[in-house]
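Have a look at the structure that comes next, please.
Which chain is which? They are A, B and C, in the order written, and residues in each are numbered from 1.
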């Protein structure tokens, strides 16, 4: 335990890096997945292509993609951008399907009613269809977030910073305390992120809380 | 093109005990072993909780915690505590495969329509018969989904097992890193990616064979009314 | 099923297409991997290899330089020599603790010098321009082939020459780079006609190698002579009468442009006081159950050595 308190500075730095590397891809992934999911929900051919491609990208192990990317986009293997792109791709692949399904599941009657009141397509999407899809999106985001937090540690095996360094360093020195600290830190981070996402989801969908 | 394929297209890397086929077999062996043990442990647990409908909250919670565990952390910890060799890494891999299998079994079985289960009990089936002849067949899509998800995770994580001295395709990634040989690193990564996709395809095929046609999602031409 | 196959083909084609345009320009993605940030001109950036002793030595250099008033920054645990030399060459790190023999062989694969003085004399010519070594210390940490007492007794082997005829029955374990290094597998074959049954990639005298030798999954390991684990387990260091492993004196490898007089003075003073026994003792301290930080072990020693 004293080891933790003696190394709060180190843990702080690693936390910042780890949060940056796991949260940024989720944000990027979400932003890109929304229009893709919308396209998939609207047009059958788009749905077919997008879902099969994202299914396959989701299948590719992240460590493999992190290692292969430098050859594809001319970066260095230690460049954090590889992790960010890999995890963004992973997040997109995960979210496109849920967003597509959620948007398709919006009842036709609701859409018709909105149009009847005079909502133009964009306003209708932003004000009616997407909000109804939020619970499913948040569920997908939670899965993506927890996966990303765990995956960033994998990067440490090829030298990328984050909590993973606690594992590689602890392993090299045969220091169980350091590894356990890393595991606990990762779990805590995952818990906090998960709770925050749930909170945001609840704040954005006030109608689910009404009428108890 | 060259960076990714130069090592792969070199025939010397495909022969011998350190060649691709040998490493591929190792990799599949670790995957199969971990999956098998995870199924033996996770499936009964999930099925039981799904059938009795008791303890679901605890099960889902446990699965979520296990899912949030960082794979590298668990692997290094288990190896430090239990030594190297096959058993500790397989233990870590199994731990990671259990949540999807357990959750899939639970979700599938508890989602079987109560009407169907009632009817089965109504015609006099014992609890065991209800579970094996009604609930499990009806839950197969979700059960299989869990197994597929677990299989993918294990294939991916078996790559990392090379970090603690195991063989498998990950060996190329880490040796390549130590030898500063990017083509070898990338070759290993490409092989792992292709293997994962192949495993997914094979399991999807098996699922199509095993799952009753009556359970396949009906594709309507409906779509969205706009 | 058809759609999945179609999707697979699409992705593969796309990937191949991407590699065609992406692969050519970037060059080696591992080269200059650490040039995320160049070492600022007023700072000495100290690097270390991916094993504990290297980190300790780096911390010792760092503490000594800081005491001498030099601005220091650290980039530890970079990787094997194959990984950090490029970082030195491109300026992302300026200084790293090195071992004279293997360093010489890295730059001159045909080097024949084996004694401490010969190796040290041959270094300046072998090093690329821009890099230089400072004074060597008496401390030596050599690679050595280590076997368990049982193995040594079984083959009545005290040296590598004794073990050579039996190598084919044994599995060797070491860090991956040992397979290609001149004093590694190739050297053992050349000097002793010793070809092991197989090689297991583990780590540079780290937990994997120690565990493997203890458990018997390997019968011979390449370890470092200052590692106290060898004595603790009663293992046998095989003698090297044909000098496959050259002298390995610890010395600083530095970017010549950063080797100011202050820096040289501070580091040479450290090298003067560092000997093999001290290094072994410090390693033992580092491996204590409460795992003190390398920086603390380093500064404690500097204080006690009057530096």
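What we mean here is this: contacts are C-beta pairs under 8 Å (C-beta built on N, C-alpha and C of every residue); 3 or more make two chains touch, one makes a residue touch a chain.
What you are looking at is a predicted structure, and each value in this text was computed from that prediction instead of being measured.
When chain centres are defined as mean Cα coordinates, C lies farthest from chain A.
If you tally contacting C-beta pairs for each pair of chains, A-B comes out on top. If you average the CA atoms of chain B and of chain C, the two centres end up 38 Å from each other. Chain A and chain C have Cα centroids lying 38 Å from one another. Chain centres here are Cα means. That of chain A falls 21 Å from that of chain B. Residue positions of chain A with contacts to 2 or more other chains are 56, 70-72, 77, 168, 171, 174. In chain C, the positions touching at least two other chains are 4, 8, 19, 23, 26, 29-30, 79, 203, 207. Each of the following residues of chain B touches two or more other chains: 3-4, 79-80, 164, 174, 177, 182, 185, 197. Within the complex, the chain B residues that touch chain C are 1-5, 17, 79-80, 83-85, 162, 164-165, 171, 174-175, 177-182, 185, 197, 201, 204-205, 208.
Those residues of chain C that touch chain B in the shared complex are 1, 4-5, 8, 16, 19-20, 23-24, 26, 28-30, 79-80, 82-83, 86, 175-177, 179-180, 198, 200-203, 207-208, 211-212, 214-215, 217.
Of all the residues in chain A, the ones that touch chain C in their complex are 3, 6, 48-49, 52-53, 55-57, 70-79, 159, 165, 168-169, 171-175, 177-178.
Contact residues of chain A toward chain B in the complex are 41-42, 44, 56, 59-65, 67-68, 70-72, 77, 104, 106, 108, 111-112, 146, 149-150, 153-154, 156-158, 163-164, 166-168, 170-171, 174, 176, 179-180, 182-183, 186-187, 190-191. Every residue of chain C that touches chain A in the complex is listed here, in rising order: 3-4, 6-8, 10-11, 15, 18-19, 22-23, 25-27, 29-36, 50-52, 77-79, 203, 206-207, 286-287, 290-291, 293.
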